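Chain nomenclature is as follows: A, B, C, D and E, assigned in order of appearance, with residue numbering initiated at 1 for each chain independently.
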Amino acid sequence: MSTLLSVAQVNVTFGGLRALKDVYLDLHENEIVGLIGPNGAGKTTLLNAISGLVKPDSGSFALYGKEENWPKPHQLVGHGISRTLQGVGLFADLTVLENVMIGAHKFASAGLGRALLGRTAKDEAALRDRAMLALERVYAGGLANRRADTLAYPETKRVSIARALISEPKILLLDEPAGGLGKEDIEWLGQLIKNLRRDCSVILVEHHMDVVMAVCERLYVLDFGEVISSGGAEKVRQDPAVIAAYLGTAVSGS
Amino acid sequence: MTLRVRGLTIDHGAIRAISNATFNIPQGSITAVIGANGAGKSTLLRTISGLKRATSGNILWEELELHRLQTEQIVRAGIVHVPEGRSVVTELTVAENLALGGIWRSRNNKSDVLAAIAEVYELFPRLGERKKQRADTLSGGERQMLAIGRGLISRPQLLLLDEPSLGLAPLVVEQIFQTLAELQKSTGMTILLVEQNAMSALRIASQGIVLDQGQVVIADDARAIMNDTALRYAYLGY
Amino acid sequence: MNLINTLIAGVSIGAIYSLIAFALILVWRSTRVVNFAQAGQAAFSTYVGLSVEKAVGNYWLALIAAIIAGVLVGAFVEVVIVRFIVKRATSAATATVAPVIAMLGLLGIFQGLMGLIWGGDYQPYPTAFSRDGISIAGNQIPFSRFDLFVLLTVVVAMSFAAVIFQRTSLGLSMRAAAFAPEVTRLAGIRVSRIRTLGWAFAGGAGGLAGVLVAPTTFIAPNSFDLLLVFGFTAAVIGGLDSLIGGVLGGLALGIGLSVVTGYLGGSYTFMTAFVLLIIILLVRPQGILGARGARRA
Amino acid sequence: AKAADAPGVTKDTITLGMTSAQSGAASPGYNKVGPAMRAYFDYINEKGGVYGRKIVLKLEDDKYVPTNAVNKVNKLILRDKVFALVGNLGTATHTAALKKTPIIKQQVPDLFVNTGYSGFASPKKYPTTFMYLPSYIMEAKVMSKYIKDKFPGKKIGILYQDDDFGKDGLAGFKAAGLTFVAGGTQKYASLSQATVGLTAQMTELKSSGAEVIIIFGVTSATAVALRTAAALGYGTTWGPQFIMGSVGADPTTLLTLAGATTAEARAATLRSLTGALSLSFLPAATDTEDEYVKKFIEINTAYNKGVVWDNNVLVGMNQAMLVVQALRAAGQNPTRASLIAALKSKGGTFASAGYSKLDSANNVGYTGYWVGRYNSTGVIAPVDGGKPVVYTADSSTSNGDVAVSTFTRPAMPADGVPTNS
Amino acid sequence: MLAVRSSHKPSATKRIILAIAVGALLFVASNLIDEYRIFQGAQVAAYLVGIISIVLLTGYSGQITLGQGAFMAVGAYSASLVVQEFGLPIWASFFVAVIAAALFGAIIGISAGRLSGPYLAGATLAFAVGIPALANAIPILGGEQGLSFDIGYAPGKYADTVSPYKWLFWICALCAIIAIVIAVNLTSSGIGRQWRAVRAHETAAALSGINPARSKVLAFTVSSGFAGLAGVSFSATVGLVAPSSFTLALSFLLLTGSILGGISHISGALGGALIIVIIPTIFESWTEEASLGVATYLPGIIVSALLLLSIALAPEGPSELLHKIRHRHRH
């Protein structure tokens, strides 16, 4: 089991605030890791650091066993990493199909020259097929020609996942995918994430403990920017520090 | 003060979001509105608070005809809405966002507004640590706390909460629900609570309204809904 | 001595740019619209002032009339036009562009109306104070009592507005209403009234600016157009969100132009404004005192 | 009269076209020229027109923008089918029009172009174009001679408009061998004077120590320059001799722009205007003794209601009178060709207010200037008192000599109505 | 809900056939209408290209520009210079204009790409005023008087039979048709989609592997190339390249046209160009008989009012309005 992604000693400060302190995280092949913790603990910030949206003050970043520079956001896909945003982040006035095709950007081979001459039809058709497949995978094939800002909330979530999956990532970063979803959609989502394991590894940030416990093998718990607990999911859930800081009685007691 | 909804129908262009809904929200109750995504929950709240106009039907707050009033007037009548999606003014600081909620009352109740702000900081210590921070740099959950806090500053008689638990840590959700129940008891405020998380909501609620594709299918005692397995299975999925 | 004189000359024209920048920033902060029609609004108010001046012959009365006209015009524009347009703003391509272009359209209407009412002739506007350079130790510097009056007015008006924005709940409401009308309404604030007030306020500032600028530039339906470009440049240099930044930007621009014009020649004037702007924006894309952008995810 | 086969000429009308800056930043003063022409035509129409035909003037606003000029001239020629163009104003605008409209191709008479740009007087290039103003080069030569004669050894500075208008003048100064003191050559970009002021330039001129300062710009720029000079202490701590080009020296416009509403502003401008020199080719508008001026003022009062009399109105009326004479000279049944031929052969004999000869034979306009001085009320009079002395020079950049003109002006036709043929 | 772009777009070949057909139609039409209309047709064609450049930059890539006239100036000046200084043939100067303006756009785009909203508006505004004024500072550019740019007459034996206006119109129309085909090609390709994605959500676009900065600079470059072409076409109709041809008013006029026609789609450009040329003409002839003041100011008021009205009712352009009206009928 090889390590796909490994960050260590990550420090991020905003003005005077230390949002991440010596944070570490490893992601192995075909594994789903949960990243949990109280609000404002630094979960999104860690994903932002990995995806280049925040520049860490220090820390190491290794991909597929190789030390690398912290990436820029647009280099992520090239590294085999996809992520969804905590908001939904669809392109509002593009169609669903176009939204997903954007995610397939890296498969497009036509450059400016061919675009100017209008010789992109084949390329476009290939992208379109690919995008349809990705949509169908999240049961959203029927939405293809709708404008993204006309979708219902759960539909937008599906589309954003399709957009992340279309680039065939090795690593998928999901930020609160279950937020705002109803029971059925959450169950479906859990199933989908479990199935993803065959092709890629996932870091899942989520406050829905049902989902987290159902799909994650290991957990990292952040509190005030520090890793306060990590390891097997069951073990971490029983950790008194985690219960005190995050879970409370309602979840741990049930 | 009872909120009475009579034959309310609301459309989004061609889409009918609520059709012919009729129910009462008695004073001092906590009413949970539950239903699947797209059932029309948010639309209902937005119409009560005047952000959206009804196609037909009445919304009465005692003798006040809310469906004819502007949002600002509705707020001044004591009805405060915390919409879904972490609605804060992202370009203002935490402190300014909270102050905003008190402006309309502060001419007469300056000290009370200050007290209310202090209470919010107590309820969400996180916000207290972030007073001078711009809201657009807050984490998702912190923003949600701020949105709820802004609503509480207005000391409403009727509080409309749309998915307050969204994106909040389990511990905080637990704490908020507890606080809501306490607040209701201590101030007699009425709460209309929209939740995906039906069980947690019903647990603190006195009555429940179940929406299905814009129709009010059940309006009943919260316990009764929780205990009716067939009903739960049909509309809540478990 | 000569360089000093050139710098002083820059301050006096810079104060004028500051005034225009000030009025622009006021609308921007209270409504998030860059009001290109400001040039037209200000000229319109100034014409009203001029008419009063001609009828009554009192500078101060005319000044007050221009400010009142500015307030009324500002409020009118908001109620009749802006409200309609901002409401329509969608997430689409036009969302950011439409208001800007609408303001250009408004400018066209104002200029046409002024042409119809007052004709296209350039007209002079009187001053309250001498425009002769002040003598210091027997040396006459290119800075008059009138320039001093303009500069002081800018500083006072700016401080006044800054206090209102930063320290009062009216200011808080204005800022909130500009960014998030819906949330602000839910906080019980009469957003439409606040916005109207914001426009009225800025309109008054425009009227004031017009009256103070007109003696230097003359007044005609479109005599403030280029001035608006410079005022806007000043505002952008300073950072559109900062009133102090606007004033500093105006002075910086005035001095920069004065030095370049004096030493390199008048052909470089317009280029200078552009180059100065680009250099500053490359270093600080949000202007000297503008706020940084927020986090992205 | 019967209908002729020329475009724009019917049984009882002759339609003429004109483009000018009626609005926009370049318009102050100049926007009075077109209406003044129209007023004079109205007067003539009242008196029976030209051989029974009434003159219709289509006046189009080009805002001083070349694109617009092309557009409007095209419209006048192609759609309105005017017989001739008269008094088109502006150098850049008319250059564009000559290039992209059928003026040349359709041989449209292009009479009395209202600029001093020397390039238009070129029968080969522009066979149908005739100028009105004397050239800027000529003006500069006359000015140079006067300065050298009257202010020998003095340091000279200049403020000029940085475009072909200013540069045409500069070429003339150079040809005449005038040299400027270090730091005394200042320019401003066209249209920038009101926005950025001229303080920087005037400050530099002051510190250059120039004792004679030439202002070669449009009226609004002259106004700003004079006012700035006053602010910098002109007349109290500083006292150079100002000398202004004819284009930007109309005192009525200058004083209006200075602020007729306050005594102080007016006084400040008057202070710097008093004693200043300027060149003119027509009599001063204030010279009410002049027979032409007297009659034109009458016409202005009756036919150009509410318009304040000034040099611009004089320019327009005078121009219109020349047009009427040209139309008469073209015969009972005028054609475009007959109009051009008549102007070439008889233009020099037309009655007009100009103190110098109209050299239409070579497509040139007036050929001379006189030098005047403003008194403390803003009225200009010949420098040496008495009759104006008119100087003439050629428009080439080679060093042509400046000579005193011997031209005697024809008398005003009776009642201001030409009867030539 | 807005109309959704159909996924079955005509192929490039079909587009070219369509373009040739339109060209043929215009050719026939140009022999039937009067000279003044033909001249106006040439103006429409030039404006059309200018509006396309705005639609690409603002409508697709979301970068506001108040200074498109400056890029037109760059194109026009470089075309005129290579003809005058190096004796290049006129047709080649059109290519030079496109390339020069595009290069210039790339440089400006690199700095402009960092700006957004009003800051970009301010920079482009200053640009619009600053660049044409440069002509006064650089002697070779001919100052206020400008440089000549003459496309001359039709070649060979046609010089006498084809009027200069027809010739002008054909050239401008050809440029416009080529511009439309290329613009449509571009916007229906992945590049157009990427621009719209960056406009809609920059972070999300970056996370999809698009480099937003590069995408914006590319849009600036391409748009400027179109503006350069518009600049030469425009100069061909005036015969002159001068600072006063590229005023702020021109930039604003094009912007107005792009909104009136619909800024979010290339198809709007034709409508926009027609409106800004024809509407003033109509109102000018209406007001001609009235006093000069009215004739001078009324057309401006009317075009401006139209602009406001269209932004209030249909900011996406007439197609949105049509869609809304049809929609209303159905319910």
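The definition used in the following text is that contacts are C-beta pairs under 8 Å (C-beta built on N, C-alpha and C of every residue); 3 or more make two chains touch, one makes a residue touch a chain.
These figures come from a predicted structure and were not determined experimentally.
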> Chains shared as neighbours by chain C and chain D?
Replying inline: E
>> Measuring between Cα centroids, which chain is at the maximum distance from chain C?
In response: A
> Which chain's mean C-alpha position is the greatest distance from chain B's?
Replying inline: D
> Quick check: more C-beta contact pairs in A-E or B-C?
Replying inline: A-E
> At what distance in angstrom does the C-alpha mean of chain C lie from that of chain B?
Replying inline: 42
> Cα centroid separation between chain A and chain D, in whole Å?
Replying inline: 75
>> With centres defined as the mean C-alpha position, give me the chain C-chain E separation in Å.
In response: 30
> Residues of chain D that touch two or more other chains: which are they?
Replying inline: 22-23, 162, 189
> Hey, what residues on chain E touch two or more of the other chains?
Replying inline: 1-2, 133, 136, 196, 200, 203, 264, 296-297
>> For chain C, give me the residues that contact two or more of the other chains.
In response: 91-93, 115, 120, 221, 226, 265, 267, 269-270, 295-297
>> Please output the residues of chain B touching chain A within their complex, sorted ascending.
In response: 36-38, 84, 126, 130, 137-142, 144-145, 163, 166-175, 196, 198, 200, 236-238
>> Quick check: in the complex, which residue numbers of chain A touch chain B?
In response: 14, 37-41, 43-45, 86, 152-154, 176, 179-185, 207, 209, 245-251
>> Show me the residue ranges of chain E that touch chain A in the complex, using the header's touch definition.
In response: 1-2, 4-5, 7, 11-12, 15-16, 181-182, 184-186, 188-194, 196-197, 200-201, 203-212, 218, 222, 264
>> Under the stated contact criterion, what part of chain D meets chain C in this complex?
In response: 22-25, 27-28, 31, 162, 186-189, 191-192, 194-197, 199-204, 207, 220, 227-228, 230-233, 236-238, 256-262, 264-265, 268
>> Residue numbers of chain B touching chain C in their complex, please.
In response: 49, 51, 70-72, 75-76, 80-83, 87-92, 96, 99-101, 103-106, 134, 136-137, 150-151, 154
